[in-house]
Amino acid sequence: MPSHSKIEEGDYVLIIIDPKRRWVIRIDKDKRFNSDRGVLDLKNLIGVEYGSKISLSTGIEAEVHKPLLIDFIERGFSRATQVIYPKDAGYMLYMSGISSGSKVLEAGVGSGFLTAAIANIIKPNGRVYAYEIRKEFISLALRNLKILNLDKFVEIKQRDIREGIDERNLDAAFVDIPNPWEALNNLYQALKPSAPILFFFPTINQVEKLYDTIKEHGGFSDLRCVEILLREYRVAKGMTRPSTRMIGHTGYIVFARKRKTS
Amino acid sequence: MPSHSKIEEGDYVLIIIDPKRRWVIRIDKDKRFNSDRGVLDLKNLIGVEYGSKISLSTGIEAEVHKPLLIDFIERGFSRATQVIYPKDAGYMLYMSGISSGSKVLEAGVGSGFLTAAIANIIKPNGRVYAYEIRKEFISLALRNLKILNLDKFVEIKQRDIREGIDERNLDAAFVDIPNPWEALNNLYQALKPSAPILFFFPTINQVEKLYDTIKEHGGFSDLRCVEILLREYRVAKGMTRPSTRMIGHTGYIVFARKRKTS
Amino acid sequence: MPSHSKIEEGDYVLIIIDPKRRWVIRIDKDKRFNSDRGVLDLKNLIGVEYGSKISLSTGIEAEVHKPLLIDFIERGFSRATQVIYPKDAGYMLYMSGISSGSKVLEAGVGSGFLTAAIANIIKPNGRVYAYEIRKEFISLALRNLKILNLDKFVEIKQRDIREGIDERNLDAAFVDIPNPWEALNNLYQALKPSAPILFFFPTINQVEKLYDTIKEHGGFSDLRCVEILLREYRVAKGMTRPSTRMIGHTGYIVFARKRKTS
Amino acid sequence: MPSHSKIEEGDYVLIIIDPKRRWVIRIDKDKRFNSDRGVLDLKNLIGVEYGSKISLSTGIEAEVHKPLLIDFIERGFSRATQVIYPKDAGYMLYMSGISSGSKVLEAGVGSGFLTAAIANIIKPNGRVYAYEIRKEFISLALRNLKILNLDKFVEIKQRDIREGIDERNLDAAFVDIPNPWEALNNLYQALKPSAPILFFFPTINQVEKLYDTIKEHGGFSDLRCVEILLREYRVAKGMTRPSTRMIGHTGYIVFARKRKTS
């Protein structure tokens, strides 16, 4: 992300009209921003300080911000798959303990949202080894990663981890594929001693199946399964309450760590 | 954390007997590990590979692992205050978008658990500017940070952010003090344009008070308030169910970002 | 509800095509049931046994059932207001301890959904004294109650409980109005010693306000505040998971009981 | 429950010292109430009005109330089994639509808590047919029911519903046994057309098993599975928040209704 505080040609910016109306767009002096609340020639944003109020053609006010990772994830990236939500991704990253320099496996890249979040943490000297079997998702994920210049920290392979993982001595693994129990040997060989794996599963049956298989396998221990719920609040003086609708389920997270097989 | 895969004198190790019986301890060849399940001379662990099974004096088996950040947080650090839970810390870190190299404010250090998690992400070139008014917590937090060699990325000051923040142009702020609405001007001056603040509050009244004050202040926008719930599962073939007891509340998280005042 | 097991002219029936496509309708031999999945002349249902499969004009199958209270509440009643959900109503009724013969106050009738549920429990010898200030809701509630022949157990008054409650020695009160703290004296006088009140509030601020006022008032004690969340599950062999979307908030329930003022 | 408003010999009363210190006891003029906050000769309560403040030997104040059903369930009944919580029982009763006069099956009586709640609703002309295989639970449940004079509305049988149900044309069934899928035929024959069954299961695997079996059986339709979570709040002016600890799981509720097999 640019560290200057004025908007320049080629920058990505976050435009916020209201909580629902928000866009991440790239500044192109020949283009125009369109919304149901008004339009704006993007050349007018060049030289404007980040965080400024701006007026749309209709006189309606908006704000223009330097986008955070979360803004790209919410509004800047393209998506073609179910993605891992911030509530889940944040917890998984935290539990993994990864940091700058970590070498990390990701299995099941999808739209690359979690890939970006991992890359953002392990950069500049770490590396994400990302396995994805569907070609179209690889292109999509790379496109998303490039927006943030994170692609250079990620190596995406069109390969099924059930058929092999090339790396060794990795610090952590993030696994979001339907049947990871078929890849336990490969995961085992790819990871460092004591390294954590974070699995993500939509159904409880997958969790049960993993637990069952992992016990037989013997190479992982210390399993934990959690589910994370996020409630949004509508806060207003004297009228504060949770939002009426919420996401009731995304998936289950399973943590395990590699142990030495005897 | 050491990158060798055999235990050495001075290493911290995680000993796991069962899900509840787990300890992070430092290897000292002259000391002994004691538990209600058996004892162990620590010198016997030197040279053992991480992830190995070990036998206690009673013949009961345990595992010895290289601890992750989460293990220090759960079992390795001392605590004298309410701490921010992983479910909340993970989400806050994710929303902040910080990464290696970020300059970050933390107000309200407490036992230093979140400080360690921030430092683990911003290292080696970033820096945490941590403000804490109670001397005893500063010592405690430093002690915890030193265990992980994270103290060198953190500058802790015995100071109230309501009386001033020395830094400028910071990338993000994490605020866990009872009355941050009295520090809005100082937070405003310390942050970069568009930089995020993540607040943590035990009560909903504090959230309302912050919203109310922040609107008047004018220097922050795009507020969101969420609450995160974590359910643990007991997974066993044919007998899977959430744990009977759970933490029903830790706190509310408020996100805001700096905007330009007109 | 009719106790015969074959459908007769004038009966209300529940037609279920699939979990979302369900209707409660009245059998009128001259009318036709219309849906996007097919139509049906209602005269063809007369004489059919409850619980039977029926075929629509398109050949698509449906089931026809004798409706339960919950079916009227979900699909048979008209609504013009926010209604109290089954998860909340069930808990409130349970906590109140009311049963056949109870004399019950209801303040804030709205569309009469809770009124019907109370009447269904206190009938045939009990009575609901229902206060509602908006005329149009009284008509609506009466229309809903008549469908189930429950109107004869309910006396609806167009009156504000803040201005007075006519009854004395009531067994319980259900209160769903915005500002019940202004009616504490009237509630006190209307209830039996030790009788419970169940309040329902959309916002937490109202809960706080009630607690605050009730302490000063002195006539009620043993307050409890709870919130109830309901998760629906999609159950399918090997693919079981909670529904993706859920209702994140309806309201807070406060329980109190009358005590003797000194 | 007595309808007089002064305490008499033989009455059950609820004594509340604080939210945690509460007892349901029977007035016996020769007995004494003992607590860690003080004692009281019960003869001193005779003639006292319900809802009154009383002083213990220590000068500490308490309140004495006429107990509600919920008080017997929380503090008056003996328990020897896992019981169904109010949040679940309230919802199940509501969904069943039962009312005064209903004939109801209960399978799996346990300590009789749900039995009491059902009896309280169907009295005086309805009847609960309660099946329980363990003799000691039958005695316990009867003892609990007698406290409230509800035993006369309940017929408890020492019998396994998998071996037969004597009744026919019942209005609803409540089933809390580990393997109800083995009793589907018997449940089918016992119920009226369109009658609802409410199942309660601790594990999700049981839910899946029931769904699977019930589809093959063909005699029930319109299945729904839900889980209910209850959060308690600590309400205090300016310091309102959910309780730190909560019950994370009790069980899953499945609703089904009888349909005609072809």
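Think of it as A, B, C and D in the order they're written, each chain with its own count starting at 1.
Methods note: a residue touches a chain if its C-beta (ideal position, glycine included) is under 8 Å from a C-beta of that chain, and two chains touch if they have at least 3 such contacts.
Being a predicted model, the structure only gives us computed values, none of them experimental.
Undergrad: Starting from the defined contact criterion, work out which chains touch chain B and chain C both, please.
TA: In this structure, the chains that contact chain C and also chain B are A, D.
Undergrad: Going by the stated contact rule, which chains contact chain A and chain D alike?
TA: Where chain A and chain D share a partner, that partner set is B, C.
Undergrad: Select the chain at the greatest separation from chain B, using centres from the mean of Cα atoms.
TA: Measuring from the centre of chain B, the most distant chain centre belongs to C.
Undergrad: Taking the mean of the CA coordinates per chain, how far is chain B from chain D in Å?
TA: 43
Undergrad: Just give me the whole-number Å value for how far the CA centre of chain C lies from that of chain D.
TA: The separation of the two C-alpha centroids amounts to 21 Å.
Undergrad: Pull out every residue in chain D that's touching 2 or more other chains.
TA: 204-205, 208, 231-232, 240, 242
Undergrad: Spell out the part of chain C that touches chain D in their complex, as residue ranges.
TA: 5, 14, 16, 19, 49-53, 63, 65-70, 86-87, 89-97, 99-100, 117, 120-121, 123-124, 192-194, 196, 204, 207-208, 211-212, 221-233, 235-237, 240, 242, 252, 257-260, 262
Undergrad: Could you pull out which chain B residues touch chain D in their complex?
TA: Spelled out, the residues of chain B in touch with chain D are 202-205, 231-232, 238-250.
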